[in-house]
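Following this message is one structure expressed as structure tokens.
We just call them A, B, C and D in the order they show up, numbering each chain from 1.
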Amino acid sequence: MNVSFFSELLSDITERGRRLIGAMPEEGGLPAQLLLACQELLSSRGEASGVGLAREILDRYAHLDETAREFFFLGLARDFGPNRDRLEALARAYLDRPSLETANALHAAAESRSQEAIRRLNLAPGGTAALVGMRADLLKFLPAHEELRSLDADFAHLFGSWFNRGFLVLKRIDWNTPASILSKIIQYEAVHAIDDWEDLRRRIEPADRRLFAFFHPALVDEPLIFVEVALADGIPEAIAPILKADRPVLPLDQASVAVFYSISNCQEGLRGISFGHFLIKQVVEELAREVPNLKTFVTLSPVPGFRRWLEAEAEKPASPLIGEAERELLAALDAGWPPEEEERLRRLMLPLAAHYLVRARGRERRPLDPVARFHIGNGARLERIHWPADLSAQGMKRSAGLMVNYLYDPRSIEANHEAYANDGVVATSGTVRRLLRGQAEAIDPVPAE
Amino acid sequence: MNVSFFSELLSDITERGRRLIGAMPEEGGLPAQLLLACQELLSSRGEASGVGLAREILDRYAHLDETAREFFFLGLARDFGPNRDRLEALARAYLDRPSLETANALHAAAESRSQEAIRRLNLAPGGTAALVGMRADLLKFLPAHEELRSLDADFAHLFGSWFNRGFLVLKRIDWNTPASILSKIIQYEAVHAIDDWEDLRRRIEPADRRLFAFFHPALVDEPLIFVEVALADGIPEAIAPILKADRPVLPLDQASVAVFYSISNCQEGLRGISFGHFLIKQVVEELAREVPNLKTFVTLSPVPGFRRWLEAEAEKPASPLIGEAERELLAALDAGWPPEEEERLRRLMLPLAAHYLVRARGRERRPLDPVARFHIGNGARLERIHWPADLSAQGMKRSAGLMVNYLYDPRSIEANHEAYANDGVVATSGTVRRLLRGQAEAIDPVPAE
Amino acid sequence: MNVSFFSELLSDITERGRRLIGAMPEEGGLPAQLLLACQELLSSRGEASGVGLAREILDRYAHLDETAREFFFLGLARDFGPNRDRLEALARAYLDRPSLETANALHAAAESRSQEAIRRLNLAPGGTAALVGMRADLLKFLPAHEELRSLDADFAHLFGSWFNRGFLVLKRIDWNTPASILSKIIQYEAVHAIDDWEDLRRRIEPADRRLFAFFHPALVDEPLIFVEVALADGIPEAIAPILKADRPVLPLDQASVAVFYSISNCQEGLRGISFGHFLIKQVVEELAREVPNLKTFVTLSPVPGFRRWLEAEAEKPASPLIGEAERELLAALDAGWPPEEEERLRRLMLPLAAHYLVRARGRERRPLDPVARFHIGNGARLERIHWPADLSAQGMKRSAGLMVNYLYDPRSIEANHEAYANDGVVATSGTVRRLLRGQAEAIDPVPAE
Amino acid sequence: MNVSFFSELLSDITERGRRLIGAMPEEGGLPAQLLLACQELLSSRGEASGVGLAREILDRYAHLDETAREFFFLGLARDFGPNRDRLEALARAYLDRPSLETANALHAAAESRSQEAIRRLNLAPGGTAALVGMRADLLKFLPAHEELRSLDADFAHLFGSWFNRGFLVLKRIDWNTPASILSKIIQYEAVHAIDDWEDLRRRIEPADRRLFAFFHPALVDEPLIFVEVALADGIPEAIAPILKADRPVLPLDQASVAVFYSISNCQEGLRGISFGHFLIKQVVEELAREVPNLKTFVTLSPVPGFRRWLEAEAEKPASPLIGEAERELLAALDAGWPPEEEERLRRLMLPLAAHYLVRARGRERRPLDPVARFHIGNGARLERIHWPADLSAQGMKRSAGLMVNYLYDPRSIEANHEAYANDGVVATSGTVRRLLRGQAEAIDPVPAE
């Protein structure tokens, strides 16, 4: 009999949510009922039963199929905007009497009710994880539905606040980490795929290897982003020696360079919430403390937009960069090149890569390459360009075999960042500038960088 | 030489913040410089040096005196509002073309820049704790400065999001808890003061006592709110037997009632962010799971506004509640009453208390008593009223010796909450209703509750 | 300069050990030096420098080759016995005046000095693990060197005391366990080999699977013994359905039977120190608490000595158990049998198995089968016999495809154990007794069990 | 119904123990029954029911009164010796054929059965703690019962093995340590009593204070021994400045001296099992690592046997050390001395103390003072002697106000230890030797130390 009180209590909480949703009119089916349940969640009744109701909504959402989810999101976007009458009145009030007070009232009135709905869904146990998953779903519908953009902004705004850097926890991942987390590292690695557990072990167990990840307390077992690091005695020029199975382990006291050779975001639902910036800086601090003889912090990065750009350039009838001779040479990229041609190819590729990374610009005059945008935006400097450096299928297909080092030098990060933010300047080493100059002489005058 | 790289790195980060602030013009002194530093934090330079700059601002703030803090807050409120031109333009745009899109733009434009400044200050290690402290300071200036209200709303909004129930962690506090946390429990207990470590031990070590607190991952060692629980075999009528030093411990299998006898908020800076509601519900779940024979969950609560109300009532020349005879009797409250008068006093106090708790209403027709507002607002029912129940100095001074039980019955919480939210109904037991009726007959007709 | 004090301190400790050993005469080489170092360890100088000396001895031992280890063990056995003169004197003293006091003195004098040496080697950090490894080495030399038996007894005696059940910690191993421990589970599984990490995951992650291991605080990451458990709704008859990749997971509330389907000892160096007995009993308690609807606890065990016995029996010219017809049938075991013969084979195998397990006895009239000895010795009952139940290569080779269930019924464990310990009775179910009777009728009279 | 299986199982285990004991004949009462239960524990039945039986014996023991415990111990000592016939036979066998084999057999036969009984009692959950408590009881009966010495030796032998240094865990105790452990630190402090929680906090929270303790995994919350450390910038001369409430905290980078100012053993039941030696050495390592600028490790120790020795010396009619004038001066120790006499007293006390610590010898020519024996035996050097240094009641009563520093210098510990162990040499500083010389000139020739 006593046991039943607790069961009753639990089932009460669950039942209440279920009952409330069950009581919704059936037309429109489950998604329509869930929308009504979200309305309820915002009401005074929702205050008393919020946890149970939120749990039930998230549970039911989890069982919706694609079409039903699309319907649900469209409903949220359509019906959970701000109260229009109230907003209109307050906009007028502000224009009449512009003050901090009226601005505040206007701010409150202009907030979508969907934003508050998301906040309340987070009351459920495990709510944060479910909401991150929900946004990953939403992102899939965005391309087809411009009108979902505002709902997505609600998620993005709240996640930006909840996943504020102040709440993130840096943890080292090693061979003593729970397997449940390691299996996610295998799954999420997006740059140099991890073949199996032995491959993973080689990246985290040896004394000259590190893997760090950011975690959030509400997503206990889910890494948000991670970086893989190799400690080395020089700046590496290719990825294969780092990943290979049988290699000598470098004694810690001989390590002078930390190489960030892979950075992966793990949560599609957190797209646009940027962690990488903070991750790299904190890992630099961490490593500098642990291994005092480290003096250089560089990446070994792919250039994932290069191949596409190169092919587009090569197709231009009168490219100033690629002539007929070069075009033939490039054809060897896929076919394989004879050893005696490698040096010629290299001398062709390096300046083209330098041009692509530094001169080729896209929207708002930012570099075309996404990885370059990330590191340069963080204040790093384009240090060196290597070819051939990644002969894996993906490395050839996207980066045409190129890899580059971005240098994180704490002494110039801030200045680099600012020059880039204000004037679009891409910080480069002398080596890279020489590549550009050599090429430039043939094409256009050297810019005064 | 190697060691110095890390020291350099660290001092770089710190220095950069210091340098940035040091470079600010000196007029207005430190608070003015901090305001400029906050502007910097919102700029593009702030993006690269955010962590260091935020750390430095918070460090320096910590050393400001009262006057300087006041100056700083007033500056924040004055200079960090929304961009007025932009807001005006967008308000007009919305009125011209009301749409979700324009509403969103308006929402963004109406947000105070101080809100973003607070978000960025949270980048610093330990930022959240510092910001909670900062708001506690701010609250002290509110009464004198109406214009700080908007800044306070920024804090409250962000804290509401950051301290969302989904991020709180319930922990049981017992004799195995670190002393650093226990010493804070002693410090924060606000209802029945904890005399010393032995008194604390009596409240957390015996098998029939519990103490639960909410924690937030970013405030590691700081409880947010806690509740003390006594397990009993009946509904208690007074506080002294619960707190006394030598009492028999009740075997768990004889416990049928859980008594919440003290609830304390710990963080002044989180005023208005409500946790109590969730705390009680989660503790009910926790206890029901752990001790399956528990069947009743009640509080033993003070009535802290009663004495003041009673005295005001007694001073009214023609109170319908208190006549000349009663007035004389009440005079004995402080002087002490002879044993033979106790029953008469009791028969006077109970209906007065029932009236005060149920009928006496303040703003928005809410009950006058703050503790009553809290529990009734949570969906609890006013179950019983006891006198004399708390003869401590504070108990006499504020509650005139009264204590009451509010009953949390999971089966009626939701209905009670709703009736209160919508119609202002205070849920009461038959016992309390009889007290009201007895009194009412003498004064006014019984309401149809 | 300051840093050097600590380095100096550390190197002092190490150096001292090194120096002491380095100072030993070189004839006989390193093993001879290590023997002298062990003498030193027992001396008064060893008291002051024990930790450093023990560390150094263990370090150097780790680098010895096989021959050198053999030499070292033989030296320990030869030179570290009790002091003979003293022992002789005390033996005489006891015979003259037999008393508790003289017995105690005799006991002390009869202890090998090697035992104290082992105790002191355990002062080194990580000493226990190194000593367990050392005994694993020693065991390899035992067959060839009868004179090492006493040294082995020293290890066994100390390990019995150090790994007393009161110091063992039971831990559940699941998918949240560190990979370093899981990789050892894969390595140590001795009954049904774990193919890879996915196979492991299937055995520890689903809600109806458990794996429990005993750990010792001084061997942090090293399981001592573990048992794999499947929760089921009936007594299983074969291993394949338990191990297969795609199987429905049984909801916990439908589980009535806990099946111990694999028990593996992990530390060769702890051979003879018995943990299995305690492990099973504690796991039964643990599971009964966690899953209250469990009512039956059985094993699904191999019969690893059966095939060899069967073949020996079959070769006997006039076996009362196996005639010509049966012999032919058994030939099909390896060749594969046509489906229509399976039932005949089954009817042949089951009584033979029952006979082997219950009647066939070896040393001290214990059952021939080692797994049977273990479970019957623990007080379990031979419950059921299944064929064909394990068609894996190893299952056919050792158990001829048989598997059996031993039942752990807390109500009869003690009586079973005692009947076995005192009278050699193997507890059996009615089913097994019927098998024996059917066979017995053909061969010999039923024993009054 | 299901729940009952587990309850049944549990009660079975308990009941079985209870039943077994309940079945013992009643004459002699409970202690006699417990002795029979211990016999049972050693029997084959005990193997199957060991855990339950051990638990029950320890539970019942816990409820025995003093007299019953005495009876129980006497019974254990009397009835659980070795098997005399067997021992006699093996003693003869050894004398006939002295070999490792016969020595081993003799060793086994000479072991008291009480030792094995203690091992088996340790099977019970919490057994180790209960056994440590049991020995603490036993020690109280030793003075009156010589015949219990052998039983005590059994405990001591097993504890020596179980509490081997390799199993001890060093933990720092600070303000984040659970209160349950801190309350034991308050209770066990034996040198400079801790007044209350604030006093404790002053000893563990400031940055220049440390407290380290050894723990054993089987006694989770029970410290075995602890040491309190003050970091200082010079060798301290008195205890009061270290303990006082308001004192400036020394920044870590100014600390050059670590002062061990209090060492307390916590477990009476582990008397004679020495940890202090290892504790000090490991804490030295720990501190040297954490605070690299520490260069000196000293104690600030009482001289607890000095006052008694001094008074005995003063009563000798013709003491060569104390004449009439000195005797008068010493009378001022209790009465209080005028400031102008302090220097004379000091000049009297210091050489007397030096003599007492270095020259006055007791059994086996060891120093009379127990604290001196401990530190000198560890290889420390008597560095300085201070007076007046501890004016507390206890400090005056036992040490006559003296305190001394023993210096732990890793470079000379081993040599000091050996000189002491072999030749009884007490290592002393030049300062101390000068004190001795000054005095010696008056009395006897300087020894060639």
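Throughout what follows, a residue touches a chain if its C-beta (ideal position, glycine included) is under 8 Å from a C-beta of that chain, and two chains touch if they have at least 3 such contacts.
In this text the structure is predicted, and so the values were computed from the model without any measurement.
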item	value
Touching chain A and also chain C, the following chains	none
Intersection of the contact lists for chain B and chain C	A, D
Of all other chains, the one whose Cα centre sits farthest from chain D	A
CA centroid of chain A to CA centroid of chain B, Å	38
CA centroid of chain A to CA centroid of chain D, Å	59
Between chain B and chain D, centroid-to-centroid distance (C-alpha), Å	50
Junction residues of chain A, two or more chains touched	none
Chain-chain contacts as defined at top	A-B, A-C, B-D, C-D
For the chain D and chain C complex, residues of the former touching the latter	2-3, 5-6, 8-10, 12-13, 16, 44-45, 47-49, 51, 77, 81-82, 84, 87-88, 91-92, 94-95, 98, 100-101, 103-104, 106-107, 110-112, 119, 122-125, 127-128, 147, 149-150, 153, 158, 160-162, 164-167, 169, 217-218, 278, 281, 284-285, 288-289, 292-295, 378-379, 410-411, 413-414, 417-418, 421-422
Contact set on chain D toward chain B in their complex	175-180, 182-183, 196-197, 201, 221
